[in-house]
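Two complexes are shown next, each including chain A; its partner changes from chain B in the first to chain C in the second.
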Partner chain A sequence: MTTAPAGYGKALDLITRVRGVRGAMLVSAEDGIVVAEQLMEGIKGPAVAALAASLATRLRRAMEAAGVGASLFWHLQAEQGALLVVPTPGGTLVVAVAEPDVNVGLVRLELLRAAEVVG
Partner chain B sequence: MTTRAVETWTLEPLVKFVKEAGARLVLVMTSAGQVLAQHGFSRAVDVMSAAALGAAIMASTDEMARQLSQPPFAALNHQGDRHGIFLAGLATGRGRLVALVVYDLDVSSLGLVQLFFEQLATDLQAASPKDSVPKQVLAADFERQLSDSLNTLFGR
Partner chain C sequence: MPDDIKTLSSQLAQDPDSLLFLRLGELLRQKGHLDAAHRVALTGLERHPHLPDAHDLYARILADKHDYERAFDEWDMALRIAPDHVGALKGLAFLYFKVGDVQQAQAHLEAAQRAAPDDPGVAQALAMARGGGERGASEAGGGATEALTEPEPIAPAAQPLEEARVFAGLEGAQEGLLLLDASGRVLGGALKDPSGKDVTDAVAAYLAGVSQEAARTVKLLGLGKWTGLAAEGNHGHVHLAPPTGDALLLVVRDRAVPMGRLAIIAQRAALAARRWLEAHA
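Now for the complex of A and B:
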């Protein structure tokens, strides 16, 4: 795994210690740039960050258009894995890349905890 | 918005980049500011100004890096309230080129531009004519060549 700056390491540790999580990142929602990451080899961090932030922007607009407020958590399930994201009020995305059979409830809980730490 | 190229091998990679990165304006030019392709510009004077300014910024940062005994800076990003400007060099068979990208923050982001710029650099490298010697622009021909390029870039 690659490392994260010290202050954010704890927040990412909360997520990556869940069984089935292949990596976690803090991403600037506005810029789509990686702020901190703990990723297994083979995950393209900058690409996931840029595309997740772009998706987050579009989702936010969709939520606003639908009149349902800001998104709190999203989970995209794919054949070979899943992407789970919690946006923070401060404009950071807490992102987890996980195996397909991960305990989604537990990852969600840890993402929300990490989001509280990040602010 | 149209994409046009003076050197046709630049067109396909540029069209792909614009679509994927959501760029609003793009110039691909030589380090001297000679434009090879453009997207989104509607006036020749804007192309000339942007190319001159972009080339000048690259020259300035290259010189700053040289004075610091560093290799040239890879890229420069300048972000405003609504738009961002991304300027970076890339190596091709046609020599070192410079890409100037203007993006709307509503539509794109620095992360997306950086991500797809890497692909643009790879695509331009692959598409560029190998072993080609860049044409020297002589002072006597400069105005005519500039005029020809601008006519091509604006489909005249």
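Now for the complex of A and C:
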């Protein structure tokens, strides 16, 4: 567990209390470094953070080029789970790792709330 | 020189959207202030993501920092936006020399020379490449990326293959559906922005490698194969899917189309794409 400002911990709590969420992270979008995390054991936070940041950059550029504007929320779906991400205006990615049957709508809402806390 | 940096920094602060970041970033790079140059280039790139010179500058800084993989990506991006970009051609030539692929390096330098026949740096590097192989590469590469770089054969990046047939009968086949290969080359479909401008090539360039990165991410998390990536934007929604292991499908719609419906449209398009790919394998 990374030491982080108390506000960050509360922001992550919003997400991890949702059933089916295996962990949550705050990641610097610019360099892919973990700012704070609450992850279940076995999840390689730094590596996932780096890849999530890289994906976020590519996605943002593609979306801007397509004229759909900045990314507000994205959801990488996989056979056995998902990665859900909300970029904040301040350059942080709020990231959740979830089980496949998680309530995506609820996680999205909590990610957006956490993003407001993080800023 | 420091005064120049100070002056440019001040001017850029007053007009952050200007292209002064290109001069400032290059100046900082030449002075060896790579971290500062990196910050300037990245900020500039954020504001001007479609400017090939911005990608070129960023790539040179990354190369100076020995981050050759990302430098390659940035030069590659510059070339996708501007296929005759001399800086990117030289940069890639430099990287090919670094890995010992003299043939590719030479090809990129020749392309650079066609684009800029009067550039003495290109002629010099090409002469060394033709004559000196690795030695030439080393000598030419000594000035970082200035002297020696080469382009890779990305040129046919956007050659649609019977695109009309890929998504035949599907809604938005020529404005909101795109099928790409792993390198970001367009296989079918087309994309227009809300103003009607064709943005197919630019979007394809930015999506090159996304499929592989998505696959790496979910593998790292032990989640099996990735099946889709849905994203909400300010003005629209996008859905990415891998119809086959290497290809990438993109569906774009405005915000009036709910994400769930977009996923259904993507499923249909992915099925069509898969059939088309299998038929053309």
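The criterion applied here is as follows: the second predicted complex is superposed on the first by the 114 of 119 C-alpha atoms of A that agree within 3 Å, B and C clash if a C-alpha of one lies under 4 Å from a C-alpha of the other, contacts with A are read in each partner's own complex, and residues count from 1 in each chain.
The rule we apply is simple: a contact is a pair of C-beta atoms (placed from the backbone, for glycine too) under 8 Å apart; a residue touches a chain by one contact, two chains touch by 3 or more.
For clarity, every value in this text was computed on a predicted model and none was experimentally measured.
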Side-by-side fit of chain B and chain C on chain A, or clash: clash
On the A-aligned overlay, A:Ala53 touches which partner chain: chain B = first, chain C = second, or both, or neither? first
A:Val97 in the overlay: touching chain B, chain C, both, or neither? Say first, second, both or neither. second
First (chain B), second (chain C), both or neither: which does A:Leu83 touch? second
After superposition on the shared chain, which partner residues are touched by A:Ile33: those of chain B (first), chain C (second), both, or neither? first
Of chain C and chain B, partner touching more chain A residues: C
One more residue to check, A:Trp74. First (chain B), second (chain C), both or neither? second
Using the superposition on chain A described above, determine whether A:Arg113 touches chain B (first), chain C (second), both, or neither. neither
With both complexes superposed on chain A, which partner does A:Ala66 reach: first (chain B), second (chain C), both or neither? second
Among 1-9, 19-27 or 37-45, chain B is struck only by the chain C stretch 37-45
Where chain A meets both chain C and chain B, residue numbers: 30, 47, 51, 54
Chain A partner, complex, touching residues on chain C are 42, 49-50, 191, 193-195, 197, 199, 202-203, 206-207, 209-210, 213-214, 216-218, 220-238, 250, 252, 254
For the chain A and chain B complex, residues of the former touching the latter: 27-28, 30-33, 46-47, 49-51, 53-54, 57
What does chain B use to touch chain A in their complex? 79, 105, 108-112, 114-115
In the complex with chain C, residue positions of chain A that touch it: 30, 42-44, 47-48, 51-52, 54-55, 58-59, 61-83, 97
